[in-house]
């Protein structure tokens, strides 16, 4: 099987290359971008030397769609929306790592993304690829909308209690901390080393476009849900997301019951690891891997549940999950090519 | 005026020395500890060379109380509780940086600190030194209980809305992130570089002893308050605390009104800086200084207020505020000796 | 084939586990240590969950030597010296990651390590495992002395010019910078986060025990060599070593010739990557991998050659190279189990 | 006395503001730049709030030279060369933090800087402001060329042995490591957080423009000197430079003699602190301060001296030394306004 990667020069693209180059069932056919065309991948990413020496190609949809079975689009907002149809019509499956197909409601998309949404036909045929919670039959599915990094971390941590009706969904507060690689390879004052190192920042309070993505999924699981509060922070580290999530219980529960619930709900999910009582995951526990580690705490005094969920933003939060979705889509083993032990320390 | 520092080898003690050595009205008379006795301060802290070459002395209360006007205790739990009385009875004022006198209710102290509380007579005469909100007349006050680093950050950010009754105090959630210096100079796996660098951790969820300290103060301001949720996290940086705080508004407000309220309430407080609408402070904005920078955000969708409050944990969160309290206690100008511009970048 | 790891709780041991658990020809039979006996590996290292759940066992040589084909000793100085013989006599091959067998001259060992050397019979039968430069026939070899992290980085960068006689070996100066994981999992003030972060330190100037290890090998390559200068530094990062090496050319050379020489000498060595003219490797270029990246620069003005050599101290500088040596010893493909693409960013 | 700062938006300019705003004898009259004109300083640098609220002005030389006594130029190469004369002719003293007047030989300037040198009349009247080693009578001096950050660190560490003739100057190798703030506020891939954090890089090997600056000064001290080797590295930290310097002794010396020599030579220099035998400075020991800490080591085996010299690149390596020079030029106390204790941890 052959794959093309569009947006190969960004961190998401680079991580796709790292993962796919050892995948047992797929080979990287070509890599594409809008910059550095004609140059070698390793000019941009020295670490890839000895592994892959492909030339970066322009995006020639006509050509690509004749040559590959699956396309990964790791592109800025609005790009995949414009090219997906041509791949799909040629029988090429598309896994999109951008936000173009994540929001089903076009008005909400427009409100948060400030650009026109993708065609509704496309949006509707896209399956939201939070792999552990895909409920659709994938037989005839050709377009996967890979979740955002924050929503992946948040939703995996929230699903069991939200689906069980154990929490007041409108009480949910998600305080998220991300490593700086989440901001991508592009330069900005916010990611300039001297002003980022040894510094902690909040950003886009009440305005981050991952908010409606989280809300839409939670509403799908529990129709009483109206909103969540979501606040992203930039932590002085390269990789990793921690979501610390607060919510009020709707009935009497114990910490033991909650942990059991999570273990039960995720018992068939290799990439979700539930922590024992009193243990909390750290972002390094999953660094470089596709795991999501989760801890659950309940406080009788306040009747609040605190869930901690950590992922590597570039793996389970982006390229790892994209490959996990590809595995599901093509009927490969879920772990194929993504079963890395985290790198620690 | 002469000061003695007890616990001079820890980071709080070292920061007191950095601050007091340039104070216009106080001189450091002696420095004390239970380790490194007889050695020079600069053996432990090379950066102090050329500034101070005092020998570290044992804690001889009899001797100290004859020689100084004020004692700073930057000591582990339970130590100041046992020595304060002897200083006070000799007319020496005491500023305690530990938690020994912070909690008025002895049962609550015992429950969270897991040791016996200080004598109630002492606890009751101690004034809680959140400087901006000291309401007591300090004329006859001799014992100041300097707030914890997290409570300083949280309470300065909460006071205006809590005192105004604008928020449901039981909805308050404090998600706090601290630099590693908050864990002190003592060694531990949790502060071992290789496992802390590029890593993000939560700890003591629902169990941190700063929780009741915050709650007691909030109850004092608003008697409907029963509890808060407080979660500390360790961020990979040396200095700084950010508290991100969430709460539900009890009446219709706007962001502009809230910002105006904060500006008004802190208009005479040099060390609190309120940010303009749309700006959020970062921890580096106050690094090395005694400032607390605060931003306020309101979300109509959720009816929630988000307050961000940042301090340098070793300055406003410990030694800087201790000196600010000393200034108030002795009638010096509030800024005396602590008016440092933050170090950036 | 079965392997035992002695010293499994340190970073070297943990990295051996990460590498060996996916090795196609070897399985981890048992893990041993002197602490945490009876506990699960994952209690110490959460990142290993779902991969390995072995119990940490005491070191019972009698038992181990009956059960395994190869033993890795990732132990403190002096430990492997005392246990190697019993493994060897039972036909178990030993790969030692400590310094016990690295120095052939017992007086020099004693002078630098300050303890008694291993028995000379053992030292003499040990082959120094700088894999790319092993010249011995390995047919009957049973004991590999895995090089130190600094010597690996330095010697790979020096070998071509030293062996060619192109440099005055007594002019060699090695300025090395290591990530903090090189100091291990044990706690110390030198690796305490608050004093290590954002800080740069030199240590053991003229006194580091890797000096004679480098010198002995260089003398073996060029008998005019008497000494090198080696200075280690601690950089505020977790993984990685950069050795910047200075030396005077003995004859007229050009940068192009030097680069060609390196390319030629390493043309069959997968894990050594020579950079193009004008490009220098960074430590992240090899992070998490077994690669050693090298750049060569020549300055006509000074007639000096500057070689930069980077490795991941825990992989090529320790456990990766140990497995590479095991592969050679047992006739497996050199890359087996260690062909990881570096993790970037 | 009134000062203007040209280039106020860069890190050097910002640090000048931090230092000058508390200077007892000078006030900041105006701040100038080519960007952000008309905006408040605190829009760019939030940490300055409550201290200074000047508006950033364009560079109107006519106006500035009528209003101030001294001008600091913290500008890119070539800018000060073009404006200095107009200030000088109006009797305004100029302290230039760029490289425009550092190199006396115009051919060498052109070779390394790749642009035309300043007028030789200007270059010749400029005094090189390595404050501890200014030998000129400053009575009629109006133009100070403030040294580069690397040369400051290197030359302070080399001066005693070079001037004493104790070392072969052509054997000098300077391996320097700088924090990322040395690269300034401008954005670049090399200072992008995700690719800089946890990474170590060398750059401009044999090509850095600070090389001839160091060489020229050393030749002035010892006319046998022909060249030095200088290699800069970027370390993952914000502030600080460590220069590790290697050189061969020309006669028999001992470590004790060398340390005594340094103590003697710097006995009147408050800002140079010589370490005791066996102690080495770290960059954090001087962070935020104007100190240069130096250690000296001698190795009998190799007959090499190793000198370690650390500074804060933005203080002693730029703005602090500029103010130290201003103090000398105007006859103020050398320490005035720059006597900060380092910030540790």
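First chain written, first letter: the chains are A, B, C and D, and each begins at residue 1.
Everything that follows uses one rule, which is that a contact is a pair of C-beta atoms (placed from the backbone, for glycine too) under 8 Å apart; a residue touches a chain by one contact, two chains touch by 3 or more.
Quick caveat: nothing in here was measured; it's all calculated off a predicted structure.
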Greatest Cα-centroid separation from subunit C: which chain? B
Determine, among A-C, B-D or A-D, the equivalent of interface B-C; equivalence here requires over half of the contact pairs to be the same by residue number. A-D
Using mean C-alpha positions as chain centres, tell me how far subunit B is from subunit D in Å, no decimals. 37
Centroid distance [mean C-alpha coordinates] between subunit D and subunit A, Å: 46
CA centroids of subunit A and subunit B: separation to the nearest Å works out as 39
Set of subunit C residues in contact with two or more other chains: 11, 179, 181, 194, 197-198, 236-239, 282, 284, 287, 345
Interfacial residue positions of subunit A with respect to subunit D in the complex: 11, 179-181, 183, 185, 187-189, 191-194, 196-198, 236-238
In the complex of these two chains, what residues of subunit A are touching subunit C? 11, 14, 18, 21-22, 45-51, 181, 197-198, 238-239, 270, 273, 275, 279, 281-282, 284-289, 291, 293, 341-345
Subunit A - residues contacting subunit B, complex: 170, 173, 175, 177, 179, 194-195, 197-203, 205-206, 227-229, 231, 233, 235-240, 242, 244, 246, 280, 282-284, 287, 297, 299, 301-302, 304, 306, 308, 310, 345
